[in-house]
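Below, each structure is written out as structure tokens.
Each of the next two complexes has chain A plus one more chain, namely chain B in the first and chain C in the second.
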Partner chain A sequence: MANVISFKNEMRDKLRKWREDNHRNSEQIVDVGEELINEHASKLGDDIWIIYEQVMIAALDCSRDDLAWTCLQELKRQFPGSQRVKRLAGMRLEALEKYEDASKQYDSILQDDPTNTAARKRKISILKAQGKSAEAIRELNEYLEQFVGDQEAWHELSELYINEHDYGKAAFCLEELMMTNPHNHLYCEQYAEVKYTQGGLENLELSRKYFAQALKLNNRNMRALFGLYMSASHIAASPKVNATVKKANVKYATWATNQINRAYQVSYARCLL
Partner chain B sequence: MAEPELLLDSNIRLWVVLPIVFITFLVGVIRHYVSILLQSDKKLTLEQVSDSQVLIRSRILRENGKYIPKQSFLMRKFYFNNQEDGFFKNTKRKVVPPSPMTDPSMLTDMMKGNVTNVLPMILIGGWINWTFSGFVTTKVPFPLTLRFKPMLQQGIELLSLDASWVSSASWYFLNVFGLRSMYSLILGQDNGADQSRIMQEQMSGAAMAMPADTNKAFKAEWEALELTDHQWALENIEEELMSRELDLDGMFSKELPTGIF
Partner chain C sequence: MGEVELSCLAYVKMYLHGCLFPRCSVNGLLLSSSPAGGAVCVTDCVPLLHSHLPLAPITQLGLTQVDVWCAQTQQRIVGYYQANACVSDNSPTPCALKIADKIAEQCNNAVLLMIDGGKMSPDYRVPPIVMYERKDTRWTLKDKHTIMLRQWEETREIANQLLDSGDHSLLVDFDSHLDDITRDWTNQKLNAKIAELASPANVCTWMSRVEK
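Coming up: the complex of A and B.
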């Protein structure tokens, strides 16, 4: 008996940890969550509702419509008229590719509450799922005009622009992200990569600087290290630079090479262990 | 000459001081829950949400602008502050200061505020004054001038009594303000029993309307942004980075510590 109880608690804690860290390990969530719901539903108390939501989204990811439907019914029964539940219903319609119905669902949410960001973002994801990236970009721009602080949206927009090869605008979005999260080395690295892809001497210099910044924030970022090496050597190899700049970049590239060698040695040493 | 120290009956401590503390505390807790029940839903308009986010973005630009290239910073500063079509220069929100007469919801809010806070205080203060009258309750630890006597010693007609000895009504008022920190401990921050905060809000009053605030906030941001300069943090980043070897500890290990954000 005690085993069952502690097992249930363990599962519940795992679900909570995944929820808080925003993990997208849907198969695991479905496994753990399904068992939790079927066996221990009564003993979970008020936690059950948020678990229903978490498991439902994971079930949609795994195409488990039966499980998603059960969860949705329970939530609808408990919270009739809730916008959060309506959004989940819309997500289920999206998973079934009934995009028109899903869109109508989200529109009804927005009629009640024009400030509801979740519904707007789902509408944009519908456009993205249908492959209409130009429209998605336009809608996302409009959304961001009103909700300038939404970092998830900025990141999504930068991805969309990168797919459309509009690197200038992608760089703009990443700059917003870098300003709001100055200590996140991944945004610096992505920005540097976009600048590197844009090409041109000035952008290469910028990319080298931002690769260096990413490295400074996280010494172990191998991608940034390689990026630093490549941008430095690219600038050094360019015919348009003067001698001092060339010398400086050769120095940077050599330093980067040394660090890369060291990293390989560390990994070799680890393999031997 | 040392004045005669009064020795108070210990019954006073048992039956007056402590009950007043309990009463004040319980009334405060009740007020908190009543205010939660009576809370009206504050609906934010799209414009308000949008404006608050714009202000946040401008503030971030000022604080962290040094992490983006100079060009980008100037581009954004221009967008906000440009003389002709800058956002802060041009956007004027409709300023309707909601006076209590015109805006019905403000009126009911004020009434609720009054009922939950001021009324009980007055009622209970009066009741305590009436019940626990005719004797001295406690002594404040600092000397007071004679001018405080009629205020603090209501009901005690002794001309020679030191003003530091106060009646139960003043002990009640002392409690009302003193228990504020107790409330934050027990009810969490931002609780409905916080008397002084509510009084402060009422004093800054109906004139502090959100719309007017937005315009002023925009102006303030405009000025602050004008003054900001761009000091690129990445100026000498390569030198800083390459001054020492990279710390490759823990690389390629299975469990990488995720303290990197």
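Coming up: the complex of A and C.
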């Protein structure tokens, strides 16, 4: 009996951790969550509702409409008329590719509550799923004019711009993110990659600086290390730079090479253990 | 142009790459251990990225590292594959064309392979791939009859088996390698598993199971 209880608690804690970290490990969530719901629902107290929501979204991600439907029915019964549940119903329609019906669902939420950001973002996701990138970008820009602090939205916009090869605008989005998250090494590194892709001496120098910044924030970021090596090498090889700049960049590139070699040596040693 | 043969190993790893990252666009390089000239035999592939495909640094890095590895292992880069995140659209993106162009500079009859996500299913009758070849300066659809995948049904079963057993998570692409450099992007472990499944004894066992 004790084993069953501890197992249940362990699963519940796992689900909570994945929720808090916003992990998209949907197959695992479905595995753990389905068992929890089927065997232990009555013993979960009020936690059950947020677990239903989490499992439903994961089930949609894994094409488990049966499980998603079950969760949705429980939530509808417990929270009739809830906008949050309405949005989940919309997501299920999206998963079934019934985009028009899903859109209507979100429109009805927005009619009652025009500030409902979740519904607005789902509508933009529909555009993305349909391959309507230009429209998705336009809508997302409008959304960000109103909700300028939404980090997730800025990041999504940067991804959309990258896919459209609009690197200048992608860089702008990443600049916003770096301003509000100065300690996030991933944003620095992504910004550096965009600058590198844009090309040209000025952009290469910027990219090298931001790869270096990413490394300062996290000295294990391999992409930043390789990026520093590549950008510094390109600058050093450019006919447009003077001898001082060339020398400095050769130094940076050499330092990066040494760090890379060291990292790989350590990793081989770890593999042999 | 010429014939292209796709090996079981190359197909299975490409397919699993797409399955491992169903929400992302993925890409990779097609390799050949056969000498140049004559038909193109794609004997292996290296899965590259599952994020930020259009960005240059990591792509360049991947191309360079694979190039070096190929030189050491008597292989050549003969093509490029990509699977788009949006399954309804399997046309080559600008970055796919760019990378394929680069490969074609070194390899005359390079191929560009797009995986058709909409057609990926356990029992699909034909391989869910669309191949392009370079005619003059443009990439044009290749005649299906010049593309060979020997023992398609066995290959498909191997892929399904690896998916069912969860072994597809063994696959390491270059992106994953950069997240954890102890992981091997040449996929020796997975290659061995695929070779084992492709051995004649195994093939007989589950071909009979499939036929029931």
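One rule holds in what follows: the second predicted complex is superposed on the first by the 273 of 273 C-alpha atoms of A that agree within 3 Å, B and C clash if a C-alpha of one lies under 4 Å from a C-alpha of the other, contacts with A are read in each partner's own complex, and residues count from 1 in each chain.
One rule holds for everything that comes next: a residue touches a chain if its C-beta (ideal position, glycine included) is under 8 Å from a C-beta of that chain, and two chains touch if they have at least 3 such contacts.
The structure displayed is predicted, hence computed values, not measured ones.
Visitor: Are chain B and chain C a fit on chain A, or do they clash, once the structures share the same frame?
Guide: After superposition on chain A, chain B vs chain C: fit, no clash.
Visitor: Which holds for A:Y210: it touches chain B only (first), chain C only (second), both, or neither?
Guide: first
Visitor: Residues of chain A touched by chain B versus by chain C: which partner has the larger set?
Guide: Comparing chain B with chain C, the partner touching more chain A residues is B.
Visitor: Could you say whether A:T115 touches chain B, chain C, both of them, or neither, answering first, second, both or neither?
Guide: A:T115: touches chain B, not chain C.
Visitor: Which partner does A:N219 reach: the first (chain B), the second (chain C), both, or neither?
Guide: first
Visitor: State whether A:Q190 touches chain B only (first), chain C only (second), both chains, or neither.
Guide: In the superposed model, A:Q190 contacts chain C only, not chain B.
Visitor: State whether A:A263 touches chain B only (first), chain C only (second), both chains, or neither.
Guide: both
Visitor: Pick one for A:A129: touches chain B only (first), chain C only (second), both, or neither.
Guide: In the superposition, A:A129 touches chain C alone.
Visitor: Can A:H165 be said to touch chain B (first), chain C (second), both, or neither?
Guide: second
Visitor: Looking at the superposed set of three chains, what is the minimum CA distance between chain B and chain C in Å?
Guide: 5
Visitor: Let me check the overlay on chain A: which residues of chain A are in contact with chain B and also with chain C?
Guide: On chain A, the residues that contact chain B in one structure and chain C in the other are 222, 263, 267, 270.
Visitor: Flag every residue of chain B that touches chain A in the complex, lowest number first.
Guide: Spelled out, the residues of chain B in touch with chain A are 44-46, 49-50, 53-54, 56-57, 60-61, 64-65, 67-69, 72, 233-234, 237-238, 240-242, 245-248, 250-253, 256, 260-261.
Visitor: So in the complex, which bits of chain A are touching chain B?
Guide: 114-115, 146-150, 171-172, 175-176, 178-185, 206, 208-210, 212-213, 215-220, 222, 225, 248, 251-252, 255, 259, 262-263, 266-267, 270
Visitor: List the residues on chain C that touch chain A in their complex, please.
Guide: Interface residues on chain C, with respect to chain A: 23, 52, 54-58, 60-61, 86, 88-89, 93-95, 178-179, 181-182.
Visitor: Spell out the residues on chain A that touch chain C in their complex, using ranges where they run on.
Guide: 24, 129-131, 159, 162-163, 165, 190, 192-194, 196-197, 199, 207, 222-223, 226-227, 230-231, 263-264, 267, 270-271
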